[in-house]
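Below: a set of structures, written as structure tokens.
Okay, so chain A shows up in both of these, paired with chain B first and chain C after.
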Partner chain A sequence: MMQVAGPALDLSRSERRRTLYSGVLVLVLATLLAAGYGQANDMNSGGFVQGLAKFLDYPAEIALEAWTARGEFAGLLLRFLPALLETLNIAAVATILGGICATALAFLGTAGLGVHPVLVPLARRLMDVMRAFPELIIALFLIFVLGTSPVPAMIAVGFHTAGALGKQFSEVNENVDRRAVEGLQACGASWLQRMRFAVLPQVLPNHLSYFMLRFEINLRASAILGFVGAGGIGSELRRTIGWGKGAGDETAALFVLLILSIFVIDQASSWLRGRITGAGQVS
Partner chain B sequence: MANAAVLVDLDPARRRRVVASAVHARTLRGCAVMLCVFAYLAYAWGTFDVSGLIADARPQRAVLLAVDSVAHKVHVTRSLRTGGDTISVEGERTATFRSPPDWIERTDAGLVVDLGDGHAAVIEDRTVRLTVPGYGTVSAEASGDGVVTVLPHPGPPPGWLRATPAKFDARPTLGRRVQVSRARIEVHRFFFGWENFFFPFDSELNRYSAGELVSLAASGPRLREDTANWRYIFRTFWTNPDWQHGAVFTALLETLLMAVLGTGTAAIVAMPLAILAARGFAPSLTLRFLIRRLFDMLRGIDMLIWSLIFIRSFGLGPLTGTLAIAFTDTGTLGKLFSEALENIDRKQVEGVTSTGARKLQVYRFGIVPQILPIFVSQVLYYLESNTRSATVIGALGAGGIGLLLVETMRTSRDWENTLYIIILTVVLVIAMDSLSGAVRRRLIHGRPTPPGEQAVRQQGPPAS
Partner chain C sequence: MPDRFGSVAFAYGRFMQVTGLTTSFGRTIAVNDVSFSIDAPRMIGVIGRSGAGKSTLLRTINRLTPATSGQILVDGRNVLELGGAAMRRWQRDCAMIFQQFNLVPRLDVVTNVLLGGLNSHGTLASMFGMFGSDRIERALHALERLEIADLALQRAETLSGGQQQRVAIARALVQEPEMILADEPIASLDPVSAETVMTALRTIHERNRLTVICNLHTLDTARRYCDRVLGMLHGRIVFDGAPCELTQDVVREIYGTEQDIDEATTSTSLTAAAPVRLAHAAA
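And then the complex of A and B:
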């Protein structure tokens, strides 16, 4: 009897203790959130309650202006297409260049692929720092040196991409099935051949899938950086919003373009990722 | 599969040929993709006008900026309107020297400024004579109708000197500069380091060493009658007008507040919605469809647009950034949560159900233990990424460190302040990054994962 009752008693006691801990944790979190909102509300120039009433005013205002100008709305969409293209280009180039750097960094940061062991932790720390560096800082600095142009945003986004993708790539690389590598080594394959025929086929689908996801994230980042002076759809938005009343139809057109492109790329990338890695593997 | 069967059947020579041709085709495809990528990059080079950009780039601007962000300069200024001389750090009225430092000598004729390494500037009346070793002495006189420059040698002026009737500007080295206009003569000498970082220029606290300050703060005679020493020292530091430590830290806190509150709110709102949107949990298909579309909408309307809408209705401040993050990430986290719910292991649920557990108990013991680590890990992941997002949203106008950074850069006067803000921001983001990473690893495995082991990747949503 004792042998059965002992663990059961222990279990229920530890269970109760855990419930208590979770309860306390939830309470603390809720208090923190409430206090934080109070603090944020005090620091804000507009209050929460007055703001809530006006929340729909702005969307309604620009929707109304867009509706009044509905005849020219298609024309507006066409007019801003080059700006959207520029933002897409920023995101695409940043993802490609960042992806190339990420591949190299991830390779250097993976132990057991024939890289000198000193380089592995170095590459990892480098990726950590690149990932953590806020894009805004690099973009602002480069805008100051290079002037207003899409290139600063491209470099800033690409820099972050190299670190973030590199980390994900190196995690994929680490899970490579070594048996394929060993098999090739046993038939006398060179290092390059081992990488090409044993490692690459295993990692490529996952790399591509992360790459697609990153493109969508980078599109959003490029749009935001445009707003601080890096060109593309963000700077157009800044211009129309700066005009205040009257440019609501243009703002609405830009919103529609941005939302549509994010939606399309989101759907396309999740469809492609599903095909590449097999359904259900990557969210 | 068909290929594999063929491979087994054929004789070795034909087998090799089949494999070789397949490899060949794949290599060709790979090369074609690479060519497309290169073609696209070439196109981007053209549309971004990179060549023009490189031609127009001002690398010297970056060098000046780098020098200015780790050094401070002392201005020696003679106003030609009033005839007065001032010596001050960065030209600040509040940081004016009462008696000249030992590298400046006041003579009957004027000022002799020793710029170090044999460089010297002598200001006499309306003339400055700059001596540069290896070149000679240049003099510039501000007369009524312009600046008259006299070079020691005939021929064009050297590259570091620009002399027009409107302005004389000589910078023989990065750390020495002389400017003359009709209104004033100004000599700059740069010193390495951040000046007055702790206390304002004229504060009495500058006299003490660090050790003396500590003992003063702990005990010792009161420097001010009305407050304790430690409080006085802290207040002097906190309100330092050049560095504004107080304002910078408040802004940093605002940014952190935006990230934490936004992510927390998103997590709390997304959890119940995710249950309603998950296959096998949703009470009705219509509701599931509607909530999934809601998630898509919240995610699709980007954080940029949400911020712009909230700035309009809530004004500037952390609340605006918080709500923008909360709205976007309710969509993202909701989608991820509901997918995690759909992918749970049914066996555990069935096991708990078979013991005769009530519905609530099934949730508590069958489902929650499976999804809670995933949920928390995803929330932590987004918390880290949102700390970075909050700096950008701040720059759009929501406030916090992002806005402060943009403003400091725009005035582009004291780059050391900019560097200070950048360092603090990067430290904050890296701290959040390692904190969230450490907690996630502990949560998933109950111990820190050694590198190379299967980490939280399965659950870690790849996000920025």
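And then the complex of A and C:
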């Protein structure tokens, strides 16, 4: 009797302990949240509850001003197009340069593809470091050194991209069919040839969609960097938002441009992916 | 002059001598002190239980798996000591056929066959996928020899097992090897495909005067297609002789069993076992 009850008793005891731990954890989190809210509310100029009522005021104001200026809205879009192009440029250069570094780091940082075992953790830690720095910090530092221009933004965004995209690429690389790699190794193909012909065709569609997603993310990141002097659509946004009343139509036009660009990139991504998965050819 | 295996020794066959070859993984000794030599192009079958070391033996010869000790002399040089480009050149010389075909699934058939020539292709030119009409013609010719030229533009992953294995053999031909190592080439195929693949290997052996070393899991296949049989047990070679010398006693020893083995039960062939000898061998 005791032999049967022994393990069962242990199980129910550990079950009860787990429940207790979960309960304590929830309680601690709830206390932290409540305390944090109280503190933040005391320090804020406005209150959270009063602010909630005005939550939609600013967006409504922008929409209203845009509606009032609907006649000239197309003109506004056209006027900000150069700024958008500059931001798109920053994002594109950063994504392409960062993507090239990411591809190299990802192949070096994937175990089991024939890379020297010492290089794999090195490449991974390097990607960790590159990811750890927020773009904004790197950009602020580079703007301080190189002056206000789009170049610091490109470097900052590209640096972060190499780390972030490299991690995603290397996770895709880990799932390739190793038999194909082995097949080419047995033919006497060099490491580069094995990566090019056995791994790349398998990972290209996924790399491409991560690449295009990163391009979208970088477009947004480049826009933010405009706030600290990197030019482009971000500088315009800082101006119109900083002015407050009266520039709502311009703010709206800038957002419309950003949103449209994301739409275009997303569509291009699906189209490219379809092309690549459909054709079956790498070249 | 006909030797004890009934074939004619070809003057330009490469001499290969394996001496004391041992391959171990940690404490497991997969290939244990194996010695044999090949003095003329032969079709050699390697039989034995699963885990007897057949695969490891072939993989060690191709340098896919590092040997622990011993040597493999080919034309007087130990191929186990080769490194870098010389090692890849040796891998090109001894083409490997795998049980799971090891093609690149997303590439089309003709590209897969072209990849067999990567070793003799400059890395830079191959990186851009520029193969040139000569190579493409040779690849198509190889596919024609295996009667699958009509599949040239299909993706490898859409093919049946038997078709994929023939693509793999075509890839091996494009390598222009001096030897073919086939690791259980028919173990995942249906009887009809198995016969096609084995006949293809036999034809290549006879027409191109290549040594073919073929791991087989059925005795009757070894009897039908091979001139010489190596029997392996626990990593050692326990039998080396002509198929006709495979008596029930010998078979029991190779498979380490007390009972007789009924070959009709394990057979995957369509017709009763009778040695297949194509026109050439009769001469």
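Heads up, the rule we're going with is that the second predicted complex is superposed on the first by the 222 of 283 C-alpha atoms of A that agree within 3 Å, B and C clash if a C-alpha of one lies under 4 Å from a C-alpha of the other, contacts with A are read in each partner's own complex, and residues count from 1 in each chain.
Convention: a residue touches a chain if its C-beta (ideal position, glycine included) is under 8 Å from a C-beta of that chain, and two chains touch if they have at least 3 such contacts.
None of the values given here were measured: they were computed from a predicted structure.
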> What is the contact status of A:V118 with respect to chain B (first) and chain C (second): first, second, both, or neither?
Replying inline: neither
> Looking at the overlay, what does A:A198 touch: chain B (first), chain C (second), both, or neither?
Replying inline: second
> After superposition on the shared chain, which partner residues are touched by A:V151: those of chain B (first), chain C (second), both, or neither?
Replying inline: first
> Which partner reaches more residues of chain A, chain B or chain C?
Replying inline: B
> Of the two partner chains, chain B (first) and chain C (second), which one does A:F48 touch, if any: first, second, both, or neither?
Replying inline: first
> Which residues would you name on chain A as touching chain B in one complex and chain C in the other?
Replying inline: 197, 280, 283
> So in the complex, which bits of chain B are touching chain A?
Replying inline: 23, 37, 40-41, 44, 47-50, 53, 56-59, 61-62, 65, 254, 257-258, 260-261, 264-265, 268, 296, 299-305, 308-310, 312-320, 322, 335-336, 339, 343, 388, 391-393, 395-396, 399, 402, 405-406, 409, 412, 422, 425-426, 429-430, 433-434, 451-452, 454-455, 457, 461-464
> For chain C, which residues are in contact with chain A within the complex?
Replying inline: 62, 64, 87-93, 95-96, 98, 100-108, 111, 115-116, 118-119, 121, 123, 126-129, 155, 168, 171, 175
>> Quick check on the complex: what are the chain A residues that touch chain C?
In response: 177, 179-180, 182-190, 192-193, 196-198, 201-202, 280-283
> Hey, which residues of chain A end up touching chain B in the complex?
Replying inline: 29, 32-33, 36-37, 39-41, 43-48, 51-52, 54-55, 57-59, 86, 89, 92-93, 96-97, 111-112, 124, 128-129, 131-137, 140-141, 144-147, 149-151, 154, 160, 164, 168, 171-172, 174-175, 197, 210, 213-214, 217-218, 220-221, 223-225, 227-228, 234, 237, 241, 255, 258-259, 262-263, 266, 280, 283
